[in-house]
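Quick one: structure below, then a few questions.
Chain naming follows the written order as A, B, C, D, E, F, G and H, and within any one chain the residues start at number 1.
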Amino acid sequence: MDTNHLQQLLEQVRSKSVSVHDALQQLRTLPYEDVGFASIDHHRSVRQGFPEVIFCEGKTKAQVTAIARKLLKTSRSLLATRVQPDMARALTRAIPKATYHKEARIVSVQPSQKSRRGNIVIVTAGTSDIPVAEEARITAEVMGSCVQTLFDVGVAGLHRLLDRQKVLHQARVVIVVAGMDGVLPSVIGGLVDRPTIAVPTSQGYGASFGGLAALLTMLNACSSGVGVMNIDNGFGAACLAHRINLLGE
Amino acid sequence: MDTNHLQQLLEQVRSKSVSVHDALQQLRTLPYEDVGFASIDHHRSVRQGFPEVIFCEGKTKAQVTAIARKLLKTSRSLLATRVQPDMARALTRAIPKATYHKEARIVSVQPSQKSRRGNIVIVTAGTSDIPVAEEARITAEVMGSCVQTLFDVGVAGLHRLLDRQKVLHQARVVIVVAGMDGVLPSVIGGLVDRPTIAVPTSQGYGASFGGLAALLTMLNACSSGVGVMNIDNGFGAACLAHRINLLGE
Amino acid sequence: MDTNHLQQLLEQVRSKSVSVHDALQQLRTLPYEDVGFASIDHHRSVRQGFPEVIFCEGKTKAQVTAIARKLLKTSRSLLATRVQPDMARALTRAIPKATYHKEARIVSVQPSQKSRRGNIVIVTAGTSDIPVAEEARITAEVMGSCVQTLFDVGVAGLHRLLDRQKVLHQARVVIVVAGMDGVLPSVIGGLVDRPTIAVPTSQGYGASFGGLAALLTMLNACSSGVGVMNIDNGFGAACLAHRINLLGE
Amino acid sequence: MDTNHLQQLLEQVRSKSVSVHDALQQLRTLPYEDVGFASIDHHRSVRQGFPEVIFCEGKTKAQVTAIARKLLKTSRSLLATRVQPDMARALTRAIPKATYHKEARIVSVQPSQKSRRGNIVIVTAGTSDIPVAEEARITAEVMGSCVQTLFDVGVAGLHRLLDRQKVLHQARVVIVVAGMDGVLPSVIGGLVDRPTIAVPTSQGYGASFGGLAALLTMLNACSSGVGVMNIDNGFGAACLAHRINLLGE
Amino acid sequence: MDTNHLQQLLEQVRSKSVSVHDALQQLRTLPYEDVGFASIDHHRSVRQGFPEVIFCEGKTKAQVTAIARKLLKTSRSLLATRVQPDMARALTRAIPKATYHKEARIVSVQPSQKSRRGNIVIVTAGTSDIPVAEEARITAEVMGSCVQTLFDVGVAGLHRLLDRQKVLHQARVVIVVAGMDGVLPSVIGGLVDRPTIAVPTSQGYGASFGGLAALLTMLNACSSGVGVMNIDNGFGAACLAHRINLLGE
Amino acid sequence: MDTNHLQQLLEQVRSKSVSVHDALQQLRTLPYEDVGFASIDHHRSVRQGFPEVIFCEGKTKAQVTAIARKLLKTSRSLLATRVQPDMARALTRAIPKATYHKEARIVSVQPSQKSRRGNIVIVTAGTSDIPVAEEARITAEVMGSCVQTLFDVGVAGLHRLLDRQKVLHQARVVIVVAGMDGVLPSVIGGLVDRPTIAVPTSQGYGASFGGLAALLTMLNACSSGVGVMNIDNGFGAACLAHRINLLGE
Amino acid sequence: MDTNHLQQLLEQVRSKSVSVHDALQQLRTLPYEDVGFASIDHHRSVRQGFPEVIFCEGKTKAQVTAIARKLLKTSRSLLATRVQPDMARALTRAIPKATYHKEARIVSVQPSQKSRRGNIVIVTAGTSDIPVAEEARITAEVMGSCVQTLFDVGVAGLHRLLDRQKVLHQARVVIVVAGMDGVLPSVIGGLVDRPTIAVPTSQGYGASFGGLAALLTMLNACSSGVGVMNIDNGFGAACLAHRINLLGE
Amino acid sequence: MDTNHLQQLLEQVRSKSVSVHDALQQLRTLPYEDVGFASIDHHRSVRQGFPEVIFCEGKTKAQVTAIARKLLKTSRSLLATRVQPDMARALTRAIPKATYHKEARIVSVQPSQKSRRGNIVIVTAGTSDIPVAEEARITAEVMGSCVQTLFDVGVAGLHRLLDRQKVLHQARVVIVVAGMDGVLPSVIGGLVDRPTIAVPTSQGYGASFGGLAALLTMLNACSSGVGVMNIDNGFGAACLAHRINLLGE
């Protein structure tokens, strides 16, 4: 249930097209709905600007499908992340209007009329970092932000990045996705004056320790103004970037 | 040299009140100035919106004082962080208009007429986290942001926080500073819809491992939209918050 | 062999319905029984209030089945944990009265007449933490405790928890199960005055490091009175909670 | 303000010996009191059974003294932990009825008439673990629990422990404090059927990594029913033990 | 080529039953034999008392088989460790007199007439630790030591161990194999006055971190006189124990 | 596009056999070529002496094949590392002149006339370290260096190494590849006066922690003049060795 | 109380030169003596071959002095380790016959007539490792073993070690002490066929992580038959070596 | 004793200006000289191109002075690293021709006539990294290499570096010294085609973990051809760079 939906309901009460009793019935499930294995937070949209998102790892297909159905009863959009192909099949079969974004591992339902705003630029150091960047891109777009991407511009070929500084300077907020040495956010943080969000990825081997090396690099970035997300957390980066992007309206 | 200073110089060249030769002399040092032990980045203000900041750890008093003097030749403000008391004495003796903020471990020079904008709310979980919060506050204020603070509102007494949600909702961006279990950003991230910056502190003992526990908690925050800084990095949090705050203008 | 069984035997000796020689025969295996690959501890029930439990990881089907049969010779209940589906099949085939609790990964035999006592409340932060909570629930119930559950009430939607504080206040002891940031025990520890047991789970990714992040959060909990278990150790939490619960009788 | 104090006030209102206006004045500070650097939680006693405790590390003498004075306005007891000698001097000078327990690093005020209840047994593996055990002992006694101690009974001389099992069996709850290999809780957990709380200490060198080795040992204890605290956290162990001990009343 | 073999050859030279030229031919390959992917160390038996052992992890079936054949040309015994079932099949097919010890993951050839000496006692904490103990047992026996075993005598049931102290006191050297909390070597080290070798195993979950917890426990053992091996290194423990055992002859 | 190629083009412009317009067309793609998922760095050969290399982990077969084709348009050689068998099949099918080096996990195209120079000696401690050594050998040879190898000469049989010191002394630069204890570079660094590059491998188990033990050993090598690469990074070692080798021309 | 002392007492009882009552008085304190802060283990000499040793870290001067005096009532020798200079002064003042070995940080009392047996060879890689080696040497000598030393023979100058192999071959057991890369035990383990005990030291910097690097190297030693002690644990190495040395009698 | 010295001696023997007996006397100490606490390696110069270097941490003033004197008997140059001011005083008093380089923490004796060769460029990211860079510079110069330096050119102001690429391209080998995020070697490795040696420093705080973050960044450098040294190991970097530099002669 998003804010529009809530306001609409209250106006229907005022105009008497909905009885107080029926409104109460609807509002009772507002804070959350207990389905045994989950307490669905219908109120999140009002509190945080976007409905509850389903993080699918560790959940069964039956659980995810049930939660998705409950959420769609009070909201017009849906976002499920970390969706493996077979769960995607189950989910899109249950909810035909949902779309599976394979590289981003996302299933989403998106209100068609939503116009996107602002400008988030998402940059990756390498080709292997693209899935995390795509998770961020789809998330930000479903939430309502415009996104531009610059892929594979890591510092091993610095001119690839310097050449495209103009795109960076157009951003309201920049998301930089990098694995291995995780060096790119430090360099970009030194080039732009916009809020920069760094996302380490688990790409690499040996002493990358599953993304730990990139994470530490980013936390110690000499360039100021860089906030860091968990390893591979494209979704979280998009949430933060979207909130920042909205401030520019 | 900030943007105003640069524009002024160029206009003086156009109006012929400054010769091309003299302007060149001034501009030659613009990108950086090599003083042997340091390459002072006078250009940073143009590129990033604020002059180079002196991080004092690992530098000698002579080095810091020399860098500060060079910076003040082309800039009207100064920010030196991680200043121990005896370095503060040396610095304020050399630069009489500089002020020492002891709890924040900062020495600053601030142009008096600067009016502060927007609203950054800085929250701490405990009393022991205040020095890091103060580093953030002074930094943000010197850069030109308004700051409100809520200290000692950790989750051991949750009502202290819930009671003051109103202050949180007024923020454009929230900085949450917490040591030990580092739990507060997760809770605040679930209450507000504003960009939230989490700063772990080294407060704690035993399995806090110098702030590592709080850092990991924050990186794994279940609430979305939380960006994380290095342990005790109040300065960096303020840089990022200030950049975000400016977007709201 | 539980205490009742032992007392009964001694009374039979006194009443001469069992000869001293036969009693000795039975008692000789009391401390433990050596079956080559295992020293089965029949005495544990007398010493610790519950018979030896079979932890199945790293054991073969043949070993687990043999130990289970030996244990049931001197005890009326059985608890085998970390049971994979194919081991469960072998075990329930060998011991028809045993039940497989799939989500909890437990195979148990339970004396039907046992009435449950007290009140243990088990809480999870998310849906993905339920398997660990179920391991705790079945364990506590087989041992003889009453259990109530509150699932998916993490701090991303704090009202879901605050709404149900009443259930928490009814508990004699609370078990809180949480992965990712592991924040929930800190919050609950600040709300209730009952002994609280925190169980980190391996749910999460990246810098959760297989549950390490949640573990450290819990060890550093600012709220006092929280004891911590190993990652995913629902069984151990139930043992401790059951012992505490019994004190309330 | 403890529950007795609160009840008394309300009865005074009913009996009209205190005006509603004055009662309100007192109750207004109940939830917490904002003194700038701290939000003092006067309500904690009602919510958690014991007033707010002052953790002194990272706080200045002025801060600790001010918080202590505020707390004593609404409570008859006081507990300040991790008190270094010079802070103890400042604190006992400011609050003459306060006592400094040097080995336990605690300053406390204790209502004289309080009778202690139940039985907590505190065990240490070595002589060097005594300071942490003393922190637990004083804390538990100030809160109102009876405490027995067994010091220096580590497994290098197992008979020292086996000899005194009787003391262990009298406990309602056992606290085991051990550094280096942290082995003692596993052994005691296998001997008794009472809730056991394990506290690793930072005693040791080399691969003890400041208590990490003992912490991991305890988290992996093969004996079930052992809850673990942060390294050196005698205070937290006492809080949990006291809560458990009260259940036995 | 063992010492006997070498002495025999030299005596044949002296007695002229082998020409100098032929002896040289044989001795030339003595130090090592280069087969491209391996430098086979035929001299090890003379230098260290036992021929080179083949550690099979990371080697191909072809490599292991080739090395084994080369070794058997100058030695009468063979020991290959960490042998997976399909490599065992290849190896026993190529070398028919070789035996596969499945639980120990060892393939060995053993001179029949060898009589075993001394007494090594191998103890495990749990049933799951047996494979590592078996690797130690087979290794020590192939090398020529007598071995006794005590399995599943962990401290959760301390009487199982205390009861069998007599076996421990008969040992010349004790190998203690334990996973999870790794507590057993500390306890045994306090009971016996014989050299004790501790082998942590990777048995456990969560904060056992693949055997790290047990390893640290053992390195910090309060009982003196305990030497520690790498995690799961039953082979290495047997080598050291065998060398110690020989000293008792 | 390598330097020869570039020089040739410029000479063709001078001799007018290529029009300025056509040359520009070719040079425009020089810095990099944007194919959406990758920014191919054609300029790298000029800047760094060897064309861009394709690191295949984390990339799809379609991506790798597309990048390889683009690279071969401006370069005569190709190097793709970390190639799994099925990707190798796809790649060699798409580029028939490419060769798959299975043990080295490399697919390469090599200009036939290239004569190799200098002398790089690659040493391994064990047979299991050979794949990493082979990755280094193929890489160095494709780049144009001569390579000699010494395999399986670890310190367990020190004479195998001492015997072959002569080969080491002929090297311009030595690459030492070792897993487990990673001891070999320290020993070789003490024997030769040539630049030595140490490559830890992930060979080992238990406390080798995936190569971390060997990595730390090498970083702490008491012998001076040893540079360390990431775990299993045979490719990087060859790049550095090749650059050093060229200095000796 | 050592075994001789005990036997003597029993013979005095048999010969009636000591009354049963007086013998009982003496024997009553045999198992341990409770002095409040310590349970002194007088029985250890009988059980483990040497009286209880005082590890001084974390104990006060008063505690150490009191324990030492109690121990000397039933034993003729004394060993206190990790003794700082001022504690040494207090201890030698209280017990005039005690000697302070400064480099070894040991205070000892040694029965003059004791003849030393066997042969333990202690080797160090560097000069900085000598204090740990000295702790081992004094400990072993007080216990009754003969010790030879080889200092500063690390692999950076391998000939220094190879030259003195003869000393190594004379040993019954070898202790190898090394910091930084911890390589020496691997090399020595490959040269000798005697039990080898490796002691990592905290010597080093950066990625030695306080001895962790050396510890991991030793645990992964490719040479078989090497047992590892905690970092800087010269005392423990001597205990184990002494027990092994005795087997050779 | 360097190679020249050795050749000279042999020629004196041939020309009979030195008797065989006297030459033997001198040569006998050649391999090493045993002074009890140290085995001085006079042969290192012949084997490795430079005499033994004294690493002073963990050694006493008396030990360092004695070793220095012994070394100067057979060598004309001396290098002592990690020299604290008071040890420097003792050393320069004992050896008047020695010089103390304070920032580099080095005491050296250098033959005046030595001409320096080649070109090593040493770069630092910040001012605080200069001491490590100075250790490298003095070491390389004493060994006979020419050194150029570029200090404080980190990526926060990338133009400072790009501007001075020319200096980088003149180098035979580049040493890059950086703390905090350790990003600079990745960037420089992408700009130059010369062997690059990365030295992480312990500069930083919080999640820099004493240089670990920078170390991991460098080990994972996406730019190929970068070899990594231990944290703060300016000396080792210089040894390797000097060896590489000599190849260019």
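FYI, a contact is a pair of C-beta atoms (placed from the backbone, for glycine too) under 8 Å apart; a residue touches a chain by one contact, two chains touch by 3 or more.
What you are looking at is a predicted structure, and each value in this text was computed from that prediction instead of being measured.
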_Both-way neighbours, i.e. chains that touch chain F and touch chain A_ = H
*Kindly list the shared contact partners of chain C and chain F, in label order.*
A, E
*Based on the averaged CA atom positions, which chain is farthest from chain A?*
G
_Pair sharing more residue contacts (C-beta pairs) when E-G is set against E-F_ = E-G
*Which chain is most remote from chain E in terms of Cα centres?*
B
*Between chain G and chain H, what is the separation of their C-alpha centroids in Å?*
38
_With centres defined as the mean C-alpha position, give me the chain A-chain B separation in Å._
28
_Between chain E and chain H, what distance separates the C-alpha centroids? Give it in angstrom._
44
*asked:* At least two partner chains per residue is the criterion; list those residues in chain D.
replied: 126, 156-157, 190-191, 206-208, 212, 215, 219-220, 224, 230
*Chain pairs that touch, all of them, please.*
A-B, A-C, A-F, A-H, B-C, B-D, B-H, C-D, C-E, D-E, D-G, E-F, E-G, F-G, F-H, G-H
*asked:* Taking the touch rule as given, give the residues of chain F at its contact with chain E in the complex, in rising order.
replied: 126-130, 151-153, 156-157, 159-160, 163, 179, 203, 205-208
*Can you list the residues on chain D that touch chain E in the complex?*
125-126, 154-158, 180-183, 186-187, 189-191, 204, 206-209, 212-214, 216-224
*asked:* Taking the touch rule as given, give the residues of chain E at its contact with chain G in the complex, in rising order.
replied: 47-49, 53, 172-173, 190-197, 215, 219-220, 224-231, 235-236, 239-240, 242-244, 247-248
*Name, in rising order, each residue of chain C that touches chain E in their complex.*
31-32, 36-39, 41, 43-44, 52, 55, 57-59, 63, 67, 82, 200, 202, 210-212, 215, 230-233
